[in-house]
Amino acid sequence: MLRIFIRLLLLMYVLASASVVQASGGRLTLTGSSTIAPLILEVAKRFESQHPGVRINVQTGGSSRGINDVRLGLADIGMVSRALKASEKDLSAYLIARDGIGIITHKNNPVRNLTGDQIVGIYSGKIRNWEEVGGSNLPITVINKAEGRSTLELFLQHFSLRNSQINAQVVIGDNQQGIKSVSAIAGAIGYVSIGTAEYEENHGTPIKLISMEGEIPTSENVAKGRYQFSRQLNLVVRNTPVGLAKEFIAFAQSDAVKDIIEAQFFVAP
Amino acid sequence: MSWIAKGIVNRTDHRLSMMLAVLSAGAALLLTLIVLFLIKESWPFLSSRWHSGSWFDWLQYQGWYPQENRFGMAPMLLASLAVTLGALIVALPVGLASAIYLQFYANPKVARTFRLLLTLLAGVPSVVFGLWGLTRIVPLIALWQPPGASLLAAILVLSLMVLPTIALTSAAALASVSGELLHGGIALGMRRKTQILHIMLPAARSNIFGGVLLATARALGETMAVLMVAGNVVQFPAGLFDPVRVLTANIALEMSYAMGDHRASLFASGLLLTAMVWLLSWGSYRVTRNGREAGQYG
Amino acid sequence: MVDRLFGWLMSGCAALVVSLLLWVLGDVLIEGVAHFSWSFLFTEPEDSGRSGGIAPILVSTLWILSIALVTALPLGLGVAVWLSEFAAGRRRFSDIARVTLDILAGVPSIVYGLFGNAFFSIYLGLGFSLLSGGLTLALMILPVFVRTCESGLRAVNDEWRRGALALGMARSAAIWHILLPAARPAIGAGLVLGIGRATAETAALVFTSGYVDRMPESPLDSGRALAVHIYDLSMNVTGGDSAAYASALVLVVLIVLLNTLAQSLLEDWFKRRVFVS
Amino acid sequence: MRVRDLEVGYGDKTVLSQVSLDIYKGCITALIGPSGCGKTSFLSTLNRLTDHSDARVAGQILFDGQDLLRDSVDTLGLRRRIGMIFQRPNPFPLSIRRNLELPLKEHGIRDRQVRYRKIEKVLKDVGLWEEVSDRLDASALALSGGQQQRLCIARALVLEPEVLLMDEPCSALDPISSGIVEELILRLRGRYTVVIVTHNLAQARRVANYAGFFWMTERVGKLIEFGLCRHLFEAPRHALTAAYVSGARG
């Protein structure tokens, strides 16, 4: 009994160390934006089916984590749902799709449109009831994103706000968590990726995208440039990509994945 | 009691002793390693604070806005303390009462079932409590005061989590003093309530205190369950229904998104947590020692 | 009268605790069973876990747990044996080791996660992998395991030590054949504590072993542990609650099962040799 | 075995000094005296068990022409040749068979058949074979106190030692078990050298060939008188001895 146990133990160590050695084989790790991750997961599945033996691991985090992990060498490719900043010029980005950011509320909320000023008013805590913007008498629950998410950065940029001005009742992490919170609270307001929101709306989640300054947030309008509040979805690498990473990026930019991008309600570049 | 080192003659013994000593040294070095790594990772943050002369700003309220280079941890520190304290205030009386019931009122069969249930509950993962709190407690509170995710929800879920620990350790503490003392009390014609409250509890207090400290450490270090129900807004809680963010939840929420000074500041908060635990265990050492001495004379 | 009231109050509190705990367990059981089926255990998750099963997640969980146990058990037993049997001559050193372990036992799991991320994932270059996660958990359960085993060994009858010495037995033989088997209950308790903590852990794993919910092929793959899966389902997946409850049910049952298994394995291992409880 | 000028102390306290005596091969030597006068300490120096406490030992113990107190002595081998029985029976928490098998294995007897033969022989020697041969794989802790003590003696004998040290082997037993163990000790006379510490003067008289009397003077244990058992009890040379052993007569 004991001897078997010890042998098992040794075997496991050997296995573990052996796999350390061979790990660099056909393996690719991507980390970053939770907006891009579901898309890349599907792209990766197709890529794997065409390249047997290759294994692609996708980790969600945030755009900054994508940047961070690529810099630290933890990931081969980073997923970043915005354009690179000036301080990030050591990396190179490859555009794979476009996406908009839309304001969402609970499905039963009668409000259909908000102006930029109203949104600023709500997020800075000056407007506290839906009545003030033409809705029913319901306190507003402001949902904000936690630090490090590119959606937050773009939101602040777009409305010229600083995070310290925002007066939130709930702070969430991923897109999905935002949608889940909005669907659970009748008076909630949040902002998420349009692609993700449309996907959820079509799957029966009780949320709805509302228009901003009269612009209707749909992926179609993003594609046609009729919705201003949009962003790039990028794959990011440290140097010029080589080998498997290069192949994968080329694949993700090719027409072969166009149907996947559309199925996820994103816009092909 | 043990065998003295000079008694090692056999070569196998000698080798074993050496090997184990190295292992133990490694284990002791672990703490050093952990602390070293925490310091190393948080160094950019600590040193830049030092140079800019704003070293103690993290204690003063200036908000937690890493993007704007403002790292005020005070609200989260306070939230951590409030949640821990609140959970103890709720769980301690109820847990003690359960222990008293278990030890002095329940018949053996009921007591066994109760104990089994408590042991089972003590083993339930915190994420399950979080899930339960998120789907049951939060909506309940939201009916009353939206959004529901709040200091109160965190306190309720945490107190439920530490209840089994407090009840089980207190029951054990009471059991270890009960025999003779109870007979003595009966001989004096004391009422049961008086015996329990004025003889048993004081006699067992040092061990009960140990259990409470264990629960405190658990509550302070709990991450996931609190993250799931507390709402995670960085602010000084003004009331029970305000959402708060505790130190541990902050690390879990932002760690995978953080870079540079932001990341370093999270490691610094890890350092702060370790220091708090260290203080707690040092305090408990002092208190139990004093308790033991007082017990001898009092 | 006062006495009776006091009794009622105590029983009332106990009843409250019982009903609350039954509420939690009942919820997990009822909601979990509603979504549970045998195929849930053996299929891959689909649609972010809303449908499909948890097979790869179970496999990842077991990987992480076995890496943690395989590392922590020998290491922990070794340290415990040294502290109780060999350290007498180096009192100062052993005292430091003990205090250190006590502090380590109280350090929040999230701090272990930070350390694991900085040390295993980045410094040692293991990345987000089952190995990083398992090793981090090994460190996390080590202090409690050592302290439980050490107190168990100390409680072993000293006369057996003298008896073994008088027979000219080497210490290593006495430890292996007599002391460790005699300390079995404590070792078992330590094991149960360790398994419980490691299986239930979420925070330390999020940034060491990662989120990937696919079947791991080697310990260097990232893998999602069951507790992380529950967290993800309940926080990030709309309509994921029922799958989360089913996973919670599996997790609770898994912990109870593993504990029973560990206990009986230990019994079996020592039974032929030792007769003491 | 010759003991010369033996001194034992713990820390700065000396518990035993100036002990010199000869232990004769094949004889039973009884050590008597009140509690706390260093008899047990003396006994544990004879197999170097004092190594494992913080005791300091000076003097000379010649065994087979060698000083067994020297550092270079292989104590494990020494303890195989000099067995020891303790006051309280201390069988290991193992089966009866493994209790006897473990020391044999430890001292390199690999052949299972040989081990079993040796085990059967010693169990017959101590008179346990009839009582336990049908349950060799049962726990040794399930035996009665007297049986446990005989098992411990068997465990020492199975290594075929030359000397057997016994530290009040009967004091923790009931009178009947005590009688059985005493008979066993008598049967060992001639085959083994036995040194026995006892408080039971009558027992010492019954079993011993030689006897030594220890007494505390100025808080230090000393050997007051040593000689043939008969002489010590019937014609003590020292007044202290006479006073002490008169308790046995009275």
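The letters A, B, C and D name the chains in turn, as written, and every chain counts its residues from 1.
The rule is simple: contacts are C-beta pairs under 8 Å (C-beta built on N, C-alpha and C of every residue); 3 or more make two chains touch, one makes a residue touch a chain.
To keep track of the chains, here are their UniProt names: A = ABC transporter substrate-binding protein; B = Phosphate transport system permease protein.
Computed from a predicted model, the values in this text were never measured in an experiment.
Undergrad: Between what two chains do the most C-beta pairs come into contact?
TA: Result of the pairwise contact count: B-C comes out on top.
Undergrad: Going by CA means, which chain is nearest the middle of everything shown?
TA: Chain C is the most central one.
Undergrad: Can you name the chain that lies farthest from chain A, using the mean of each chain's Cα atoms as its centre?
TA: Computed centres place D farthest from chain A.
Undergrad: Counting only Cα atoms for the centres, state how far chain A is from chain C in Å.
TA: 34
Undergrad: How many angstrom lie between the CA centroids of chain B and chain C, rounded to a whole number?
TA: The computed centroid separation for chain B versus chain C comes out at 18 Å.
Undergrad: Between chain B and chain D, what's the gap in Å when you average each chain's C-alpha atoms?
TA: 54
Undergrad: So how far apart, in whole Å, are chain C and chain D when each is placed at the average of its C-alpha atoms?
TA: 48
Undergrad: Of all the residues in chain A, which ones touch at least 2 other chains?
TA: 173
Undergrad: Could you say which residues in chain B touch two or more other chains, in rising order?
TA: Counting only residues that touch two or more other chains, chain B contributes 3-4, 6, 10, 256.
Undergrad: So which bits of chain C are touching at least two other chains?
TA: 165, 170, 235, in rising order.
Undergrad: Per the contact definition, I'd like the list of chain D residues that touch chain C in the complex.
TA: Residue positions touching the partner: 47, 49, 52, 75-80, 83-84, 86, 88, 90-95, 98, 102-103, 106-107, 138-142, 152, 155-156, 159.
Undergrad: Touching chain C in the complex: which residues of chain A?
TA: 1-2, 5, 9, 12-13, 15-16, 19-20, 23, 29, 31, 38, 55, 57-60, 72-74, 173-174, 176-177, 179-180, 183, 200, 203, 205
Undergrad: Residues of chain A touching chain B in their complex?
TA: Within the complex, chain A contacts chain B at residues 61-65, 67-68, 139, 141, 144, 146-149, 153, 162-164, 168-173, 181, 184-188.
Undergrad: Where on chain C is chain B touching in the complex?
TA: These residues of chain C touch chain B: 2-3, 6-7, 9-14, 16-18, 20-25, 27-28, 75, 78-79, 81-90, 93-94, 96-97, 100-104, 106-115, 117-119, 123, 139, 142-143, 146, 154, 158, 161, 165, 170-172, 175, 196, 199-203, 206-207, 227-228, 230-231, 234-235, 241, 244-245, 248, 251-252, 255-256, 259.
Undergrad: Can you list the residues on chain B that touch chain A in the complex?
TA: Touch list, chain B to chain A: 63-68, 70, 139, 142, 146-149, 231-234, 243, 245, 253-254, 256-259, 262-263.
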